[in-house]
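Chain naming follows the written order as A, B, C and D, and within any one chain the residues start at number 1.
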Amino acid sequence: MTTSDRPDARDGASRSGASGDVVELSIPVRADLVVLARLTAATVASRSSFDVEEIEDLRLAVDELCVSLVGEGSEGRLALRFVRGDEDIEVSCTYHPDSGQDGAATDVTSDGLSARILDALVDEHGMDGGDGRQRIWLRKRRARSQT
Amino acid sequence: MTTSDRPDARDGASRSGASGDVVELSIPVRADLVVLARLTAATVASRSSFDVEEIEDLRLAVDELCVSLVGEGSEGRLALRFVRGDEDIEVSCTYHPDSGQDGAATDVTSDGLSARILDALVDEHGMDGGDGRQRIWLRKRRARSQT
Amino acid sequence: MDELFEISEDVSDRACVVTVAGEVDVASAPTLRSRLEAAIDRGTPLVVVDLLSVTFIDSTGLGVLIGASKRVDNSGGTMHLVVTEPRILKLFEITGLMDLFSIVPSVEQAVGP
Amino acid sequence: MDELFEISEDVSDRACVVTVAGEVDVASAPTLRSRLEAAIDRGTPLVVVDLLSVTFIDSTGLGVLIGASKRVDNSGGTMHLVVTEPRILKLFEITGLMDLFSIVPSVEQAVGP
């Protein structure tokens, strides 16, 4: 896994040149709400002309972002940011633990499964942190050109 | 239609006592992304044990919140906030026009259809604004008690 | 939107049947409007809008149907909407549009023998 | 989660067939884990996990299956997973789990004649 601080969350909007390509979702860490992250990922991908296989890849990859960040018994919020570029989608997920909670997230490599899934399904992914928060991101390119 | 400044957007979290019951979604004003507001509404409602009919009511009502705020040719963002209470869901939608855009939103009563739909489908709704932003909200109670 | 909205047309001398499927919202309403206008402008005595496969319709979609109804009136034709889904019937009711439209339960009934 | 995840069980002397449907994620994994553990603890020689109707499974779900596989090994039994969906097979492949599990294409094939 590449550990990198690119792409910066704030770069997203400027990179694509317009706020028109950014979708943000903030959910509490609750097992029954991760489905919202998956639905948003799949919808954004389908609106960006990703094909069915790529949409399913992104649905799973975004689920793995959430799973990687949140350890057993964690409490807090996950802030997801979806940036649609001309040929790709970038997704970042930041974990904001509740005060009193440990900010150190489960490392994505801890059980290895999430990392292997991300390696296989997306073009680039990485993790960075600080300030008691932890951020994980991915970038997935669309194979076919936009119609 | 009741015009009121209740419930205040910031009250949501304190009202339910925990950030665990708040979902936030921010989307650009783009016709092909309103579906995200509907999906989030339906998912939050289904996770709050609303029945199928109530879920469909909320899906449509939240769509109407967006439609009411956004006039033809508007550019900017919509910030949606879903607060799950013990017996209800509150949804507020705030329009943030791009700089240079007119902040005055289409009144929900202008064509009357949205207002009539909200009147019929939710328990309470209202609109307030200021600072070049406009906010519209609704509250829908769950009929049956939570299981 | 490909997967969320579809529209097709079947024209005879007497009737133009427009079949709509999926979600009618701000994203698909412009397509619905232009396709309905084109259908009405063919000048068949009857325009039938088959909404049986519509899964969602909001005030934007209703607005398009209202516009189509006016256009048909102006052209001296007749328009029927085909609706059976209780949720969509309820929507026509709560918006007070039941009287504006002729709503029938099947395309056959709309087109006649 | 009712509508997203379902699990049921069919027990005979020889085999316990656990049928899983819907999405296996952080929300449903705890239920899957406890139901699989209970099934394994029945002590039938064979445990079959029918994943044919699973529409989504993530690393959390895979982790539960890995745990079940270890539990079956410890109890001296045999476990088969029933999978045909290419996406789910691909997931087992990219995570290097193809060799850990016995994957068969039908419940009949898992249970035998």
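Basically, a residue touches a chain if its C-beta (ideal position, glycine included) is under 8 Å from a C-beta of that chain, and two chains touch if they have at least 3 such contacts.
Only a predicted model underlies this, so the values are computations on that prediction, with no experimental measurement involved.
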Contact-graph separation of subunit A and subunit D, given in steps at minimum: 1
Averaged-CA centre spacing for the pair subunit C and subunit A, given as whole angstrom: 41
Inter-chain centre distance, subunit B versus subunit C - centres from mean C-alpha coordinates, in Å: 28
Gap in Å, rounded to a whole number, between the CA centres of subunit D and subunit C: 48
Centroid distance [mean C-alpha coordinates] between subunit B and subunit A, Å: 25
Residues within subunit D bordering two or more other chains: none
Junction residues of subunit B - those touching two or more other chains: 32, 35
Which pairs of chains touch, using the document's own definition: A-B, A-D, B-C
Sites on subunit C touched by subunit B in the complex: 1, 4, 23, 25-27, 30, 56, 58-60, 62-63, 87, 91, 94-96
List of subunit B residues in touch with subunit C within their complex: 31-32, 34-35, 38, 53, 56, 59-60, 63-64, 66-67, 70, 111, 113-114, 116-117, 119-121
Complex contacts: residues of subunit A adjacent to subunit B: 18-30, 32-33, 35-36, 39-40, 43-44, 47, 75-77, 98
